[in-house]
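Structures incoming, each one as structure tokens.
Next come two complexes built around subunit A: one with subunit B, the other with subunit C.
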Partner chain A sequence: METSSAMAPDIQREHWRGSVALKLELHPDEVTTVPPPEPLFVLAPRLGYLPQVAEQALEHFGSVLPPGEDEVWFEYQGVPLKWHIPTGSLFDLLAGGRGGYPWCLTVHFRSYPRDALQPLEGDGVQASYFNSLKEAAYVLTGSSSSVMTLTKASQQELWQNVLEAKDEEFFSNLSKMDLTRPTRSRIPVRVYCREKVFDSFTGWKSVEYASKSVVLDSEDAEDLTLRGVLQRCLGVSLDGEAGSGREVVAAGVELESDTNLANVYPHLKNADMWLYLVVRPSSRA
Partner chain B sequence: MASSGPPPLEVYLLSSLRKRNALEVDALRPVVESYLRILFDKTLLRKECSQLDKRTKALAEEKETLKRELLHKDENEGKAAMAEKLTRKNAELGEEVLQSYKENARIAQELAAKVSEVTTLREDSDRYLTERDKLQLTVSELGERNKELLTQVEEERSTTRVLHVELDTVSQEKKECEQRCEQAKAENAKLVEVLLEMKEKEAERMNAANDYYDSVVSNANLQAARRMGAAQSGAGAIDGDWQDMDASDFAVGVPKMVKHLLPEAHAGACQACSFSNKGTLLATGGADQVIKVWEPKKGAASSTLQGTLGSVLDLEFTPDDGFLVAAGADGALRMWSVDTGRSKHTLTGHKDKVHSVSFGANESKKCVSGGQDRTIRIWDLVKGYCVQTIACGSTCFSVCMGQNGSFVYSGHFDGSVRVWDFRTGSLEKQLPSLHGSQVSSVCVSPVSDRYLVSAGRDNCVKVVDTVTFETVHTLESPSFKTAGAKAVPCISPDDAYVACGSTTGAVCVWSTRTGTVDTELKKHKQGVLACAWNPSAAMIASTDQKGDLIIWD
Partner chain C sequence: MDSPAPPEKVVVLLKATGDAPILKQSKFKVLKSENFVFISEFLRKNLKLDSVFMYLNSSFSPSLDERIGTLHEAYNVDGKLIVNYSTTPAWG
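Our next item is the complex of A and B:
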């Protein structure tokens, strides 16, 4: 099943090079100066996470903030964004397909919505990333020990590679962990499915989510297609009238319903070794 | 599939990724980057702007100051033009002024000449004026002097007038005095005559007295011879005169035997011992600051009185035997009830040791004490304070009150015995240098008041008649030595014997009739300090330096 074609490195480079342009505006409640500060334009790596631009935002907006402790969070269409989903997948799920460039987000530094979001403390993003990587390692190798036994220093190195989107260094570091050669013929897949418009009324209730380990050695090749996997995971059908109103996107690339995921996985897996699939209402409709 | 080139999926993926990146990344990266650069530049420019603002402010201030300076300058220039015109006018005027000056000068010279004349005249007049003022002043001064002198003369005249008057009176007095003097001379002559007559009469009387005295002496010799004869006959009776004089009814002899020997009745020296007036109790006090009351017949202690803060130097029962008063080296007298042993008074007032205390025969409410502080004090024992203080001039070692309560006898450091009126506190009689050394103790006859007995440190005891104050006997003995120690004598109730302890340890008993030693009681191992005679029995108590108490019977 391993495909080591000549195009693989190019695909990998292009995949990792992907970024989402963000236009960050400070929420009016937290503006203490007249006139309000200029918005901030940044490029956030698709495989990274939103909080990684927090430092830059704080530098830009810090001077106008009211007194208090800085706890950064982002809001889109009046809904707080979950920071543990990779930026690219978030963009694809919530805003992609509608051609809104750059992605306009509101940034907050005060009144963290503790009831809606998981608290973000210290290096919480890094911890979340390694947790996800651990799960992937278990699906791929049957054991998460390769991640658990990482030293603090190599953890830091790997995380820096993710933040800076340096694919070559990342994979050379990762190769030491025997994660690239799976021992079990399974792949980890995460599916986010949005049926409706994402706004402050629907919010995250409109998004369905599933994590799945897909067995590659299935006799039925149909099981490995996108259609089959989605059917099994979330009961989402891509056929018929319902299917025509949906599109499936991975890493910003629209996939056909009969695409074999076993072939897609090696190219479009994220930094945490998960393949993120986004199902959203079709932009063509 | 591998031979037919790259799989279509990969081609699709690559192309779509490239498309995606071209749209999302490559198109927007320059925008974002340039935006960030512009932001950065903006902040820089903002900083520069603020600096420039500051500079413009500074420059504006400078400009302001320059403007102000410029205004000043303009004003100055305007003034300068005016000044030029004025100087020109000034010059013209100056010339006019010069001419006028010249005229002025001429006039001035003339004026000056006249002025100088005037000034000389004025100076002269001033000088005259000042001289006149001076003269006026001197005239007024002289006038005042004159007035003063006139008043002085007036005063002196008046005084001389007074003196004249006085002189007249004095001369009159003088005349009167001369007259009186003559009268007195005449009286004197008369009195001398009277005196001569009286002296003659006196001489006659003296002669008669001498004759009488001779006859009395011969009678006395005869009587003495008769008495001697009676003594030799062995009757041992006391003659009628003696019996009349001795008012006591007690049958008293001299104790010879030790009745009780109480070794170390006190720890240390025992300086004071006294019988109660009924003779039933004996009290002793010593250096151990304790007073013990004994029953002399049993020879047993009946009670112990405590409370003194120094050695007990003297003690005595009140005449009614109800209380006991002790004099202490702590400068206080203390009074206890004999029955209960409870302290009634602490009599303070002496500034130093109290050496002695004494009562009269019937006066239980007052006592007398003598002390190191050269005072004799009389105390009211009901109220508990000193009612009289007699300054006696010399340290008083011993006081004793006469039985009739009218006299106080005191023995002193200077060897004299003094007699005081108990009521007035005045010195009645002084026996100067009765002893050659300190008088350590005095006592009087317990009943009859007949004899005053004093013990000195000159190794003798003197028996003095209390009526004539003549020394009846000087009692001495080879074994009687008191030098360097206190000796307290005692008299038997019938006045027949005097006992006194000696530093040799002997208690000598003399007969007051013959003045010779009657008995010597030798049992003490140390010097005897005090002894007391039982007022109702032939019993002597004696105490010594070791604290031993011996009761003789």
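Our next item is the complex of A and C:
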């Protein structure tokens, strides 16, 4: 590894502490008062999920809502946002690099778009997180048993560490599981690639998605570079004219095309043990 | 580098778990380019279920927008993608 190991905990800490500033406005259809409520400014953890700020939003907007059941969802450019993607990656993918900060989102508490989003019930975010962690465990160790055999109490503790972005406690809890001692030399990588403008016409159709279990002991070093992985994963090229129009970001940091992912993974992986890569149109173009 | 013309279809094995109804035929060839949601729609239609829970290798549920080809490449067992399905959550 080229990165000095002394710096590693610092990078990890900064990665875990990262937030996205959000400006939330209640959708006009759900406003019952004149004047309408003020927008809510809130910091959403990058490694967390959007519904985490729901409670704060409900406290702020709750009094003006029409009668009915509260089901929170978020909208950007007229498109409902998938809540199971970590907030930081959503921001990097859809809004990052285009200026405009804080990130302005519309929040809804009524008419959940069931045709566009997976339903969010009870501890749905937690369940989605653990499912993702299980999948990562399968890639890392060849079995999900390290996550499946967690007791309810240790699951709660781990989840609380994620919600509060406490990386030290999280990794100390995690070290009790076999996840930190991978038995197979593979790393789990999720790639989101946006080629076009994300708006109400294109929506999620403008985003391609693939996950990949990247084999580390490949003989060809090129297989481990960002360029190689993206090429094999989604057929996305970082070379030539097409490549110069794209940029790749992990945890808000732009990566060079010859970056070795094995070096990036330990520092910039998310709380579900996946490395999230975002490909988007270059902001320099 | 991958060869440009890999086989277009992969073998998917559907296994019932718990009290889920059993399919007459459990092995299928599915286009690599289909998304995982295709399997859920297939099961719901053929078994007349309102909802179905799906797991790979008796452990985790992949995202519905994952491609079959990608899942097969990462998680196949002896060349088959094994999907366990049930009517209630199974492997929590």
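Worth pointing out:
Note that in this section the second predicted complex is superposed on the first by the 281 of 285 C-alpha atoms of A that agree within 3 Å, B and C clash if a C-alpha of one lies under 4 Å from a C-alpha of the other, contacts with A are read in each partner's own complex, and residues count from 1 in each chain.
The working rule: a contact is a pair of C-beta atoms (placed from the backbone, for glycine too) under 8 Å apart; a residue touches a chain by one contact, two chains touch by 3 or more.
Small disclaimer: the values here were computed from a predicted structure and weren't measured.
In the superposition on chain A, the chain among subunit B and subunit C reaching more residues of subunit A is B. When the shared chain is aligned, no partner comes close enough to touch A:S244: not subunit B, not subunit C.
Residue contacts after overlaying the shared chain place A:S154 against neither subunit B nor subunit C.
Residue contacts after overlaying the shared chain place A:H267 against subunit B, while subunit C stays out of touching range. By the touch criterion defined above, A:E38 reaches subunit B but does not reach subunit C.
Of the two partner chains, neither subunit B nor subunit C is touched by A:S175. Of the two partner chains, subunit C is the only one touched by A:S213; subunit B is not. In the superposition on chain A, no contact is made by A:S200 with either subunit B or subunit C.
In the superposed pair of complexes, A:S19 makes contact with subunit B only, with no contact to subunit C.
Counting contacts by the rule stated earlier, no residue of subunit A appears in both its interface with subunit B and its interface with subunit C. Against subunit B, the residues of subunit A that register as touching in their complex are 3, 5-8, 10-11, 14-15, 17-21, 38, 40-43, 60, 101-102, 251-254, 259-260, 263-264, 267-268. Per the touch definition, subunit C reaches subunit A in the complex via residues 1-2, 56-57, 59-67, 70, 74-75, 91-92.
Considering their complex, residues 84, 118, 127, 130-131, 134-135, 138-139, 143-145, 148, 209-213, 231-233 of subunit A touch subunit C. By the touch criterion given at the top, residues 6-7, 9-11, 13-14, 16-18, 20-21, 23-25, 27-29, 31-32, 35-36, 39, 42 of subunit B touch subunit A in their complex.
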